[in-house]
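Consider the two complexes below, in which chain A is the common component and chain B and chain C are the respective partners.
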Partner chain A sequence: MNAAVSNGGRRWLWLTFWILVLFLYAPLVILLIFSFNDRELVSFPWQGFTFRWYHTFLANDILLGTLRTSLKVATGAAIVTTILSIPASIALVRRQFFAKGLASGVLLAPLVIPLVVLGTALLILFNLVGIPASPVTIAIGHIVIALPFAILTLVPRLERIPVALEEASRDLGAGWFITFRQITFPLLLPALFSAFLVSFVISFDEVVVASFVAGDNVTFPIYLYSQLRLPRQLPQVIAVAVVILLISAIVVIVAEAGRRVSDRHLEAEIAVNEEEVSLS
Partner chain B sequence: MATEAVAPTDPLEPDTSRRRAGSGRWKVTGGLLATPMVWVVVFFVVPVIMVGLYSVGAITLLRNDHYMSLEGWRFFISSDTYLSLFWKSARMSLGVSISAVLLAYPVAYLIALVSGKRKYTLLLVIIVPFLTSYLLRVLAWRIILGEGGIANTFLQTIGVIDEPLKWLFNSQFAIYLVLSYVWVPFVALPIFVSLETMDHHLLEASSDLGASRMRTFWSVTLPLSLPGVAAAFIFVFIPTLGEYITPQLVGGPGGFMFGSAIQSAFTAGLDWQFGSAMAMFLIFAVAILLAVFGRFLYVKSVRE
Partner chain C sequence: MSDPGVAISLRGVSKSFGDVHAVDGVSLDIAEGEFLTLLGPSGCGKTTTMRMIAGFEEPDAGSILLRGTDVVGVAPNKREVNMCFQHYALFPHMTVEKNVEYGLKLKKVDKAERRQRVKEMLGLVRLEGYEQRKPSQLSGGQQQRIALARALVNRPAALLLDEPLGALDVKLRKQMQLELKRIQHELGTTFIYVTHDQDEALSMSDRIAVMNQGVIEQLGGPREVYEQPATPFVADFVGVLNAMDVRVDEVSGEDLIMKLGERDRVVVSIGATGTSAGVGSTLLVAVRPERIALHTADTATDGGSRLSGTVGQVVYLGTLTQFHVDTAIGKRLIVHHLSDEASSTLREGDAVVLTWAREDAAILRDG
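Our next item is the complex of A and B:
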């Protein structure tokens, strides 16, 4: 007998699951369908199938410019976030130290701050110190937001990498850098890739903090937000949106699949690495 | 996700540097932590302190700021409008967090305890929408709920209603629905983790001792998953307190929230001191919530 659920309960739970999936995905599918609707207003009635909006957005320089700004900001933010998250998560997983709770609290605190507060806080900081608004100021804010997510992506993977491997390397005379480069880094790589993607996605989608510190630098979410309030070119914006939606969904699924494969190989890899360590 | 945060404090994790002497250990730890900590302190902790200083006029940047004055706070506290906006936002956060948890719990339960080997695939199916654009998901709901939207058109076509339903769009209902929609995938994660990490033998033990499934759920499963539920709740409740984007886009005139007031004080209103007072008030509210519920964010597992 299954203690968690009866047969009737099981059917009921599966029904709930599929209703939730429908609830989660139907709006996205509707967005996809309407991106092909041949009508200026994004609503019923259906007036025929068209690729028009996809053509117009490819010719819209303002829109493409905002996409370029967002790509720049997100790439920069994701690179710095990933680099910062490596030493942070190694310290949190591998080291014992006084006030560790405080340190992890500070590093993870941006998880629980309303973004409107972070936006105002950075606006005051940049104005006070005299740093002009630029893609860099946007990226700075996004790194603060993404860092906890990157750390929480690396921590579970680091915990699964046996300390013994690093110790063996040290015992054989390798310095900390060689140990990191030869042992920890390669085993951490899949998680680093995930951390990069998560940070990229967070930055590419972020609108609140960006709108406070962007100045004249319009990112794609800021542009999208202004289009939603005063719709002028909404259909082509939706077309871009659909493209982004599909790309991000594919990237996430591929990354997750890759992470799982690499996790399954982790034990094997470790065994091989242990062998190499003992041979060298 | 929430529950993984704890792992760092696990005392069972051996220390790689145990061969090194006192001050050397500190140097290594300090070296590792220095850059990320400096980043978070400089671009997060210090700016938040500055908001506090700005709200009392210790920092002034605009011409209409009052040097060393509680004018911003006085204006905020004495006006019923802004305090009641805060409570409106708090009610919205509460409603959204509760409905997101209620929607996510049965599904997290199914994935963690019933679905067997496919559970990570199913979890991914639930989480993927969270990783797609926030604004796009809000936009999709405008197409569904709006005046000439799909919901009204559909209901009129099948003859359930004659007039378009007004409460579907530009309403509190729309705000609650869309925000719950946005947060459900994120909420499912910590609840799943708490159900997944609990000792599943306890369920068998409970049933061996003669408890019904209902009894097992209420006396064993639910209490053991409460830390995950609390973590999920707080992870939705706190960010939603300052939320103004979705209410503005789907809430109509009633979509002006506490976050909107802060945002407009800094942009249209150009009264940064008043805006800082409200932002600081929000930080205090968050700090109180974290003091009460924060421990749930640091529970590694609910085993034993």
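Our next item is the complex of A and C:
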């Protein structure tokens, strides 16, 4: 009998599922609890509920400054990544060219390159070329990391847009640019939005590459990491972490839900309607 | 040099994909206002030929003249032809109106005229008042009509239709065939129609180009293609067919005669075929199932072919009943007979006599 349907099997699946969920999310719950614990030390016992840490971080200019840097870097990186991912994914989906497999491998390779290696390499490169460390260098590093994710977000959507739509546009007198603007781009828009959000989130919480190429521009994750050595600062850092965690979760959920809804929409619209309604 | 009555002219057009010769030296003149069908099985090169006219593929060799001008190398958006795609390819994010006026907008036609022409077109395809609908709110047949309107509103030199009715059910397909014919008649636009459906080709076309393996096997009117197939492929592809080997035993005036037993014989008229076959040659001869008369009693031949046989199988097809008859020619012949009372009494094993007139037998191959 199938383990998924027998009674014992089902109970076993249920149990492992919840153990897994616990394993994944227990640390985050702990974080949430301690962000409200009225105690300087991040440990039990529970000493009462407080919003104190949330108030302190709002008054901490250094912390807010790092958040601003991170926002700037992430916005810039996400915009550039999204723009770069458009021609890359169009080339991969629509064009046939020499060594396409190689090109796709090269574009997606940053997915598997260790971040430490990437960070070192970028640092050396920037030094060689003489580019001083700045939010821009951080953003460049993050674009490299985020680009494969953005491409992988666009490719499936692009594959579902029939080539015939672009051909029809060309046939009706549009050049490639107008065809892109009028047909491909509007149909790709939901995926572009997802790609932007994914890139943004990746950049926003990236610490490894950032710490190599940041110089004295402290991003929020770098700041967070450095505060681990100062136990007094920890509770307010935890409070920020909770806020950011919630915002990221909401952003990702909204993006994913939006993508699914619009995919279903597109699916329905491009499906050939074979059920016939008499015209009379 | 170019004939003003010719809309599109293909001259020695070839196209290969890798090792496959998709289109192999096709030459074809399509007259203004003609309804020409490219008919053939999938992979015969008909769609590639059409896509080369539209500009989505470029030929490796040969030229394509559109109203006398060579358009090879001209981008699809600069060619004065429009296409109806197999799955309509309506823009899903635009309303019907935006879809139809797309080409006009690109040509910078002003708004008032655009609106007027869109309205006329929707009238022509009988979908007035659908301007603000989205394609997803339309049925398949309606989407088909909008695709037609979107192409025709540009007043193209020729309209290319790529299996446009393939996604529709049988009843609607028949209805749309008549519609297409009516629209073509009203506008007088040249239609180039790609299909693998021989019924569609026969019922709609002025001329049919039957294609196989990248070449045109026969070009002619529907009746000609059906009744005088030029090659075994055409005969087989355009309808059910009885093909048989006929060894000529006797030549009598215009008749080539094969004798099978005492009274059975197959007679083929030399007529216009210009065959040089004589006694001893073997011909491949085709007879359409509906041209064969089925008799339950013995019948005189009046100079045509006569074969006696036994019914091997009976297939009821509605209006027609199909009889598979074993005869002395050694091949089971298919006969179509109206499903009347007489035919309903025939059973497997019954003795019958088949006859057909000498002009109903076409020579597919001699020697």
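Here is the rule we go by: the second predicted complex is superposed on the first by the 256 of 280 C-alpha atoms of A that agree within 3 Å, B and C clash if a C-alpha of one lies under 4 Å from a C-alpha of the other, contacts with A are read in each partner's own complex, and residues count from 1 in each chain.
Throughout what follows, contacts are C-beta pairs under 8 Å (C-beta built on N, C-alpha and C of every residue); 3 or more make two chains touch, one makes a residue touch a chain.
Please read all numbers here as calculations on a predicted model, not as lab measurements.
A.B. asks: Taking the superposition as given, does A:Val136 touch the first partner, chain B, the second, chain C, both, or neither?
C.D. replies: A:Val136 contacts neither chain B nor chain C.
A.B. asks: Mind working out whether A:Asn127 is in touch with chain B, chain C, both or neither, as first, second, both or neither?
C.D. replies: A:Asn127 contacts chain B only, not chain C.
A.B. asks: Please work out whether A:Ile178 is in contact with chain B alone, chain C alone, both, or neither, and reply first, second, both or neither.
C.D. replies: Only chain C is touched by A:Ile178; chain B is not.
A.B. asks: First (chain B), second (chain C), both or neither: which does A:Pro186 touch?
C.D. replies: second
A.B. asks: First (chain B), second (chain C), both or neither: which does A:Arg260 touch?
C.D. replies: It touches chain B, and chain C stays clear.
A.B. asks: Look at A:Ala91 in the shared chain and tell me whether it touches chain B only, chain C only, both, or neither; answer first, second, both or neither.
C.D. replies: Only chain B; A:Ala91 stays clear of chain C.
A.B. asks: Of the two partner chains, chain B (first) and chain C (second), which one does A:Ala168 touch, if any: first, second, both, or neither?
C.D. replies: second
A.B. asks: Which partner, once the models are overlaid, touches more of chain A's residues, chain C or chain B?
C.D. replies: Touching more residues of chain A than the other partner does is B.
A.B. asks: Let me test your reading of the model: by the given contact rule, A:Leu64 touches which partner, first (chain B), second (chain C), both or neither?
C.D. replies: Neither chain B nor chain C is touched by A:Leu64.
A.B. asks: List the residues of chain A that touch chain B in one complex and chain C in the other.
C.D. replies: Overlap of chain B and chain C footprints on chain A: residues 167, 170.
A.B. asks: In the complex formed with chain B, which residues of chain A make contact?
C.D. replies: That would be residues 1-6, 9-10, 13-14, 16-17, 20-21, 23-25, 27-28, 30-31, 34, 41-44, 84-85, 87-88, 90-97, 100-101, 103-104, 106-125, 127-128, 140-141, 143-144, 147, 152, 155-156, 159, 163, 166-167, 170, 176, 201, 205, 207-208, 212, 221, 224-225, 228-229, 238, 241, 244-245, 248-249, 252-253, 256, 260 of chain A.
A.B. asks: For chain B, which residues count as touching chain A in their complex?
C.D. replies: So the residues of chain B in touch with chain A come to 1, 4-5, 7-11, 13-17, 25-26, 28-29, 31-37, 39-41, 43-48, 50-51, 54, 59, 61, 103-104, 106-107, 109-111, 113-114, 120, 122, 124-126, 128-129, 131-144, 146-150, 153, 181, 184-185, 200, 203-204, 206-207, 213, 216, 221, 234-235, 238-239, 241-245, 248-249, 259, 262-263, 266, 272, 275-276, 279, 282-283, 286, 290, 297-298.
A.B. asks: Across the complex, what residues on chain C touch chain A?
C.D. replies: Touching chain A from chain C are residues 54-56, 75-78, 81-83, 85-93, 102-103, 106-107, 126, 134-136, 138-143, 150-151, 154, 167-169, 171-172.
A.B. asks: Mind pulling up the chain A residues that touch chain C in the complex?
C.D. replies: Answer in residue numbers: 162, 164-165, 167-175, 178, 182-183, 186-187, 266, 268-277, 279.
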